[in-house]
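These notes open a run of structures that come right after.
Next, two complexes with subunit A in common: one pairs it with subunit B, the other with subunit C.
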Partner chain A sequence: MNVDLLSFARGPALKFALGIFCAGVVWRILAFCLLRIRRDFNRPRNSMLKYLWTGVFATASRSWPHPEFIKRTGAGEALGYSYHMGLFVVILLFGPHIAFLGSLFGITWPGLPSSVITAIAVVTATLFLGVLFRRVTTPVIRMLSNFDDYFSWFITMLVMLTGLAASAHLGARYETLLAIHILSVDVLLVWFPFGKLMHAFYIFPSRAINGAILARKGAAT
Partner chain B sequence: MTDLAITAETHADAATRASQVAGAMRGFSREIGAMSAFRMESCIHCGMCAEACHYYIATEDPQYTPIWKVEPFKQAYKREASAFAPVIRLFGLKRAVTAEQLAQWQHLLFDSCNLCGRCSLICPMGIDVTTLIEQARHAMFDAGLAPQELYDKADHQQLTGHPEASLEPYRQKLLDIGIRFNVPIPLDQPDVEVMLCVPRTDIDHYPQAVAAIARVMRHLGVSHTFRSDGLIAENYGYYAGSKEWQREISLRLIDQAVACHAKILLVPECGHAYTALRWEAADLVGKPLPFKVMAATEYLALALKSGQLSLGKADIGATSFQDPCKLDRMGGVIHAPRELMKAMGVDLHEMENSGNFSFCCGGGGGVVDIEQAKPLRYRTMETKLREVDATDTKTFLTSCSDCRRTFDDAKEHFSWDKSPQSLLELVAANLVATRPVTTSTGA
Partner chain C sequence: MMDSTRDPTVGETLRKHGVTRRGFVKFCTATVTAMALPPWMGAAMAEQLRNSPRPSVIYLSFQECTGCFESFTCSFSPTIENLMFNVISLDYDDTLMAAAGDAAESALATAMKTNFGKYVLIVDGSIPTGASGACCTAAGRSAEDILREAAKGARVILAVGTCSSFGGIPFADPNPTNAWPVSAIVGDTPIINVSGCPPIPEVITGTLLQYVTTGEIPDLDEHRRPKAFFGNTIHDRCYRRPFYDAGKFAKTFDDEGARNGWCLYELGCKGPTTYNACATLKWNGGTSFPIESGHGCLGCSEPGFWDKGSFYEAQSTAKWGRAGETSGKQVLELVGATVALGGVLGVGSAGISRLHQTHLEKDRNEDVTKDEP
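Entry: the complex of A and B
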């Protein structure tokens, strides 16, 4: 039964989820690319090389707030970037994840010891709880939040918690816990193209394109 | 009229308004283009943009969060043009924007946004929120929801060339300024290097600024002219959100610049006029302009660099400077005013937030003209006034007539002890002859 569930989770369910994920991501990006792209007839202040380079530079520079804003946004940004980094470390440097990604892409790389990953995952999950707390207690963020924000948080947290439970063998047989973890990943993959998780694909192009458009005018980036 | 007739008329009005709003939102979704769709898609609801906005900083009211100001437009885009729009409509996942909802947003898009661009600098996703707000203003205009003051001025300007009726023609007012300040005002010259326009604010409130640009241009010996049929720099079509009227108003200046074969259309101290002409006019007419558009400060800074302009020391003591948002942060004219001040030996004391991060004066985006926006504008301006006061300076300069008008209004409202002076006037007062002044441009 557990083996069947696990086979289903990493077999047909995962294939289905990956199919939705890939098709959804491609369509979501294509949909706005198909909208009208305006030609800018105004004479640029900077050369194309300069404004394109400024756009590329903005992909990195926007990761750190301008000093003028740090007092007001530093804590929020630190929280945001910290859990993102935690997520990346857990996703990319945990042995079983590397093996899974290796089976998809054909390459593997060295990982971190499980104990280190577990510690990072616990810290990341705690920070993520802080993110939710901030979302519901900060009036501005609460006002901006919708179902997408809360469901995206929930499904990401679910993946983290089921992963932690599976690696610690907590509450059930390992196969069952692993199956539940993989099923939660499947749900996340299916949800991904429909909600804000898409920002993973948008963040760098958004910084680069907006930065280049502003730099074309010589405006601040 | 009977109650029944009134009710029927009210229902008819409501139906018309609802249809107008639906049309405006569909138009917005169709017109938005790939780039702004991408901007709306990219928002992660982090709320950081609130921390850059002086309306939020002054009030801590979440509704002033910049990206929230385009919320109905995000809603409309998702319903009408996003990747899953048909599914969203089918299952009613996003409701259609209503006339009532949009009417509430008039306050957020017009009364409480100066289009200053500060929010565009803070977004971790890099989103240029200001451009989205400008586009939302277009839809508000199409929905019949532009503030009356801006609508009336834009309408008058697209018809007559100037935003308000005037007993004396502006052409005559301009010539009178020349006589009053004893400076020749070249008008309607046929072949010139530079065509000048002039903020109506300067003609009506700061005529010395008009005399200053005329004096400086004469000093430089560059052939130049004002044009009777393309005189006023402001563009109320831009403020009101009417692309069509903005285009018409810009075309008056463009046509005149073409008619006098100008190589440069020089915009004196007016931030939004610069934006409308420098960064939007060519797009609205659908082709590159056959001349350059330059702000007076950048033109003069270039003249300084080339040795064409030489300036004496200005004895004005410690000085602070208000960066006009549309010229510096949004327009790239950030170094020019400082180069001019440096050349005059000005002892510049920067505000806590200056240059690209300067707070708006509070009057930008047409807000200074909106009566109902006044209480909030005054509340918001306090942040700025505190920063100016903190510089502990004697002189306060700016290079935008709308900033100047807004601060002068604040001076009266708060009994503030400072009055901004024009950088251009300071330049005109400190000209040093570097070569014989030609008179070919005289009136």
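Entry: the complex of A and C
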């Protein structure tokens, strides 16, 4: 059997990475969800329906800074949302990505022209650099950052850059660039459940839970 | 005055066949252009051809389907008859020659002995080494023996076709005959790989012509293929490339996209990773090439093309499993197994954490009891 780098990347390496990703994500979510919640002996301030609704509402309301803080954190949050949207567009609407996802899930959908995707990817990568700059230059964020933050940034950036190089045929033969791109995706999939990339699964539930808890606490008036 | 004791030069042979000097120079210029060589090479080629005797060429066929030789005979420019009658001396080819049996083998032995160190050896097909070489024999000798002997006196070897260049289909998993490419058997003689299943006729004759007219090995890529023909991917030169850039892909072979000539990437076209001249030289004298006929490139000029998964799956798709294809069932099996594993690990971790929580609460309660007056 003649196996080249591309066959390895999209074959055994991808299978291994996808396996680690699925097992890791389920492991971490279950390990979190099955923890014992400390019993709250206080009488609820609101009805259960009300605090569940508040949880859902908080998921949206906490996704943008309160007007009081908007000057201080609005730009940073906008930067974060922008590159996330760029990432989603590139991942979900690029023809070869649709073909890849279609091979895994059996469904495909219309994509965007490659030139538009390339432009969005360049803007996204630039925004991503801006995010790193903000992390390094803001004292509080810098103090809160650790290896996890920087490695998660690095591996995501690597996937973007190798993808750009592969689509533009820059630096090496297409099959080599594509293999490196897929290998970087494999590394990202392996890292995903164990690093801060897991925020993809935690961020909205944690906002909902916080909202619900806060709606339950305190005295009813 | 021509010396009757030596072989006639190419120039003399051409004059004998009524080819004018002007026609000869035009032929050299056209050949140089086709091979993307610098313009000054035309004059150098004409000079070299005029004064050199026709080089001896020996064509050996091993574990192959004769498709490459069929392709060789279909060359439009230069034509096979033009090459054979004017430029080379094809001294042995068991498919084309009238002689058979001892007469043919005697012709081979004579050609190798007479032109030792000077002849061009063309090899077509892979070399099976399994079963002590019994899978492919000629005149009672194994392909490996014949190749080793012929390679000793060759000035250069042209491995024509993917089988002789990279092993091809016989080399594919599970390789029942333990077949190998020429480069795995021959170590010392320079090898030029002209891959393809089959190679483009003009690429075979063009490479041969370039070597016999210049006497130099052309610039080769890392797979020892002439860069003049294998320097770009088919995707780079494909007339459907604008549709790839525009994100317009045919989804099936008979949908609107396919009828409109959109990119065949999602139908498994291997053009982006295949280095060949199909999109520029095309086939049948420049008539068409597979993508122009509505079928994706199979990547036949690349090493291991038979083992690289389905011809009909996009190259960005996942690929695993025995057949090299990823089906929904295989994905479900993988996800199911790993989710189950993750579930067990998650429940186990939660159980350990709960035990830890219980201990902490117990310790805390004991501390509170101690502190009570």
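One rule holds for everything that comes next: the second predicted complex is superposed on the first by the 213 of 221 C-alpha atoms of A that agree within 3 Å, B and C clash if a C-alpha of one lies under 4 Å from a C-alpha of the other, contacts with A are read in each partner's own complex, and residues count from 1 in each chain.
Quick note on the criterion: contacts are C-beta pairs under 8 Å (C-beta built on N, C-alpha and C of every residue); 3 or more make two chains touch, one makes a residue touch a chain.
Remember, it's a predicted structure, so these values are computed and weren't measured experimentally.
Engineer: Taking the superposition as given, does A:F100 touch the first partner, subunit B, the second, subunit C, both, or neither?
Structural biologist: Only subunit C is touched by A:F100; subunit B is not.
Engineer: Have a look at where A:F69 lands relative to subunit B and subunit C in the superposition and call it first, second, both or neither.
Structural biologist: Only subunit B; A:F69 stays clear of subunit C.
Engineer: What is the contact status of A:G218 with respect to subunit B (first) and subunit C (second): first, second, both, or neither?
Structural biologist: first
Engineer: By the touch definition at the top of the document, which applies to A:L6: first (subunit B), second (subunit C), both, or neither?
Structural biologist: Touch partner of A:L6: subunit C, not subunit B.
Engineer: According to the stated criteria, A:S206 is in contact with first (subunit B), second (subunit C), both, or neither; which is it?
Structural biologist: Only subunit B; A:S206 stays clear of subunit C.
Engineer: Just subunit B (first), just subunit C (second), both, or neither: which does A:L112 touch?
Structural biologist: Second partner only.
Engineer: Under the stated touch criterion, which partner chain does A:V140 make contact with: subunit B (first), subunit C (second), both, or neither?
Structural biologist: In the superposition, A:V140 touches subunit B alone.
Engineer: If you stack the two complexes on chain A, which partner ends up touching A:R36: first (subunit B), second (subunit C), both, or neither?
Structural biologist: After superposition on chain A, A:R36 lies in contact with both partners, subunit B and subunit C.
Engineer: Touch test for A:G19: subunit B only (first), subunit C only (second), both, or neither?
Structural biologist: second
Engineer: Could you list which residues of subunit A make contact with subunit B in one structure and with subunit C in the other?
Structural biologist: 27-28, 30-31, 33-36
Engineer: Write out the stretch or stretches of subunit B touching subunit A in their complex.
Structural biologist: 31-35, 37-39, 41-42, 44-48, 50-52, 56, 60, 62-63, 65, 67-68, 81-84, 117, 120-128, 278-283, 285-289, 292-293, 328-334, 353, 356-357
Engineer: Applying the document's contact rule, which stretches of subunit A touch subunit C when the two form their complex?
Structural biologist: 1-4, 6-7, 10-12, 14-15, 18-31, 33-36, 94-100, 102-106, 108, 111-117, 169, 173-175, 178, 182
Engineer: Where on subunit A does subunit B make contact in their complex?
Structural biologist: Going by the criterion above, the answer is residues 27-28, 30-43, 45, 58, 62-63, 65-66, 68-69, 72-73, 76-77, 80, 138-146, 149, 194, 196, 198-199, 202-203, 205-211, 213-214, 217-221.
Engineer: Which residues of subunit C touch subunit A in the complex?
Structural biologist: Against subunit A, the touching part of subunit C is residues 167, 171-174, 233, 235-236, 244-249, 251, 265-266, 272-273, 303-304, 307-309, 313-320, 324, 326, 328, 331, 334-335, 337-339, 341-343, 345-347, 349-351, 353-354, 357.
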